[in-house]
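Working notes, beginning with the structure itself.
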Amino acid sequence: MSCLPTVAESPAERRPNPFRGRTNVVVALVVGAVWSAWQLDLRLVDLIPSQHGLDVCLEFLSRALTPALSSEAEFVPANAPPFLVTVLEAAVTTVAFAAAAMGVAVVAGLVLGFLASTAWWSCVFPRGSALAHVSFGLARTVIALMRSVHELLWALLLVVAFGASEIAAVLALSIPTAGTLAKIYSELIDESPRDAAFALQAAGGTARHVFCFGLLPRALPDMIAYSFYRFECALRASAVLGFFGYGTLGLHLYQSFVSSNYGEVWTLLYALFAVVIGFDLWSGAIRRRLIG
Amino acid sequence: MGRGLRFVAEQLSVRFCALEALSGVDLTIDGGERVAFVGPSGAGKTTLLRALGASLMPSSGRVEVGGVDVGRCGVKEGRQLRASIGFVPQDHALVPNVRVVQNVVAGRVGTRSFLGSVRDYAWPSRATLDEVHSLLDRVGIEDKLFERTDRLSGGQRQRVAIARALYQRPLAILADEPVASVDPSRARAVLELLTGISREGGLTLCASLHNVDYAREFFDRVVGLRAGKVVFDSRTDELDDARLGKLYALSADELLADGC
Amino acid sequence: MSPRVEQLWRRRPRDRFVRWSFGFIVLLVSVAWIAGRFSLADLFGERRARNWDRFLAEIRPAPLVGRDWDWGTFLDWGATIMRDRGLDAALSTLAISILAIVLAACLGAVLSLGAARNFATADPFGCVGRISTGSKWFWRFVYLGTRVGLIVMRALPEYLLAFVLLLIFGVNGWPVVLALAIHNAGILGRLDSETIENADPTPLRALCAAGAGRRQMAVVALWPTVFGRGLLYVFYRWETCVREATVLGMLGVVSLGYWIDDARTRDRYDEFVFLIGLGVVIVLFGDLISALARRLVR
């Protein structure tokens, strides 16, 4: 039985709180920003690039409209594939890493998300039990730990622990993604309106019925839309993994950058834009249709 | 009369923390009777319906539905009891982003196994579809069978909620403010529908209403509630205006406390 | 099934786009797993097992190698790392994230005006009256330009952006801060513009009728309505910023990532794992602060 707030209780809650309110938060942000600049020893002078930096910048930007269509490297091995094929391969690898990681992440995220939602446990064990409390706490802890280490750090950690392999990269991408998905899934399920669930309960439904037909369908569109957004994040992270030697777009971007082949850099950047922005527009269209 | 459920409340009280929603209600509703609960907001109409619908345990006193004591029955008995009562909630309580047929099919969760319900929900059989279609035909929106529920108007959603309650094959229908969100002409149609269904099947019908005129027009009996107590309980033809005036004359305190 | 039901079934509203999209994603994931060179055996081979054993041996703190576990020694060792670089790196990581998110919030607030469909038109909220063709085209250009700009800003991964900016500005804090700020301004700008588009237009129309100009409307009416929600978004994004700020140090700027990478290249896996653990603490601390701040803002 729920405890509704009554009139007698509310005046105590409305007591003015000196730390409440947006002004304090904004002041704290400004103070934080000033402290940050001091801590990082930032000076405005450093924002003026050196002559060398300026040259690099101009040379880089001047190639924006003339991306390379063939390799600009001074020495190209005779058996090397054409540059554009390399770019395409890298783009496909980027997508493949992200897709494989998302496959794992969605499944793991669903399992962990259910375990971390209060609605699920109140449906499975309506009267509460020690097992429920332990599993709930455990799921929340695991999710927090998965989320709090960045993809790239997971990649380093897995490589150090198991040695470099493609699967290590996929797992590195999927672990924090699964954690974040689980957190959002559990919040969406817990926050979705309960009216339909109560109606099914009043019709004699069991806890499982109520969860599956009352709660889950209401949260599902938001869950799908959010998963698509995370896919986009995974694509970006997958591209960056190339900086650590995996064959995604980042690898070639890094190599072309350090050998100052800016035409190649732009070709690769446009490929990256095509992949990420294309997916962004697609997921935006799906979100509009599902949520309206 | 008929096969409708008989409801008995004896000294029924329901408390939410410090708030006493119902205090000492005595009420007997015979099978097949059509009763309207009227009274100002916060009088306890919804609470009384939920207590009669066996989805709220009384704090004290007892509720008997079809001869079964709600406070004493086990989990399984409680489910069976609730499955035999069609509850139409005030805000329709439908899932907006699925098809109408899925919302209606979800009504029979009380008597179907879990896997059976999943099958009905995701891959309904031809017979199920026909049954849902005939129910939607009865409530007047047969062409909306496969429509997405959030594309429907408020009145149409109300009808879907009624169809969902009917799909339970109930012995009684409890409707909470069934005409709160529709305009007067549609309100009449909804009430005609509900009373018609009750008459055809001999179902007991209890509905909470704000509008006393509708109560007079469509129901056999009117129960006036105020501050959790039954103020009057009489047959519609014996109802006089003096009693109604008393019911709605709010004291200043009550006006301020409204909605809390 | 009765003919009428069949007829209704054939005429049922269907969203083919969503259905196909869903199928395509499932196909993509399946193909990636089948055709890709991802095999779980790579993690659990015999060589991997040896690697794992070696890793477990090497993450034992250096002063404790070959000795029994002793919390005193462990704490001394941890305190030394913290004094040497851990604390400063942790503070720098937080500083990078805070400065970046403040800059992103300001930039995003400005850009959101240009990307809001109802504001960036020749006739905002329908009260200007006369619309010249020139101004129509000008605002269409502003709207599209800002939209494309925002998309590009958030399509660029922070890591890549920081790498490019480091080549231009040299090694100091700015490139990392700016990279984070630009990416997050792209995200916050879009979220803020959506809030503006959903804002109630009636007070704005009234303001406009009272003779307010574009800038006045932005300052007096639009930003205040967006403010609360925008601040919530700022803190949500700040949580991500803390994670990213840790990692961006690997490019050579003194945040936690720098020392994590440093420990790895020196093969000091005990320090490597310790510093990653410190990163976890910072991130959880950030999440906590953000949750508190969001509660204050609500």
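As written, the chains take the letters A, B and C, and residue 1 is the first residue of each chain.
Assume a residue touches a chain if its C-beta (ideal position, glycine included) is under 8 Å from a C-beta of that chain, and two chains touch if they have at least 3 such contacts.
Note that the structure is predicted; figures quoted are calculated from it, not measured.
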Between the chains shown, work out who touches whom and classify the graph as line, ring, star, complete or other.
complete
The larger set of C-beta contacts, choosing between B-C and A-B, lies at A-B
Taking each chain's mean CA coordinate, chain A and chain C are separated, in whole Å, by 8
Centre-of-Cα separation between chain B and chain A, whole angstrom:
45
Taking each chain's centre as its mean C-alpha position, how far apart are chain B and chain C in Å?
48
Residue ranges of chain A touching at least 2 other chains are 290
What are the residue numbers in chain B that touch two or more other chains?
none
How about chain C: which of its residues touch chain B in the complex?
1-2, 4-5, 8-9, 11-13
List the residues on chain B that touch chain C in their complex, please.
99, 126, 129-130, 133, 142-143, 145-148, 151
Contact footprint of chain A on chain C as seen in their complex:
15, 17-18, 21, 25, 28-33, 35-40, 42-43, 47-48, 51-52, 55, 91-92, 94-96, 98-99, 102-103, 105, 151-152, 154-157, 159-160, 163-164, 167-170, 172-174, 177, 227-228, 231, 234, 243-244, 246-247, 250, 257, 260-261, 264, 269, 272-273, 276, 279-280, 283-284, 287, 293, 296-297
For chain B, which residues are in contact with chain A within the complex?
16-19, 50, 53, 55-57, 78-87, 89, 91-98, 102, 106-111, 114, 117-118, 121, 150, 161, 164-165, 168, 257, 260
Within their complex, state which residues of chain A touch chain C.
19-22, 24-26, 28-30, 32-33, 35-37, 39-42, 46-47, 49-50, 53-54, 56-57, 60, 95-97, 99-100, 102-103, 144-145, 147-150, 152-153, 156-157, 160-163, 165-168, 170-171, 231, 236-237, 239-240, 243, 250, 253-254, 257, 272-273, 276-277, 280, 282, 285-286, 289-290
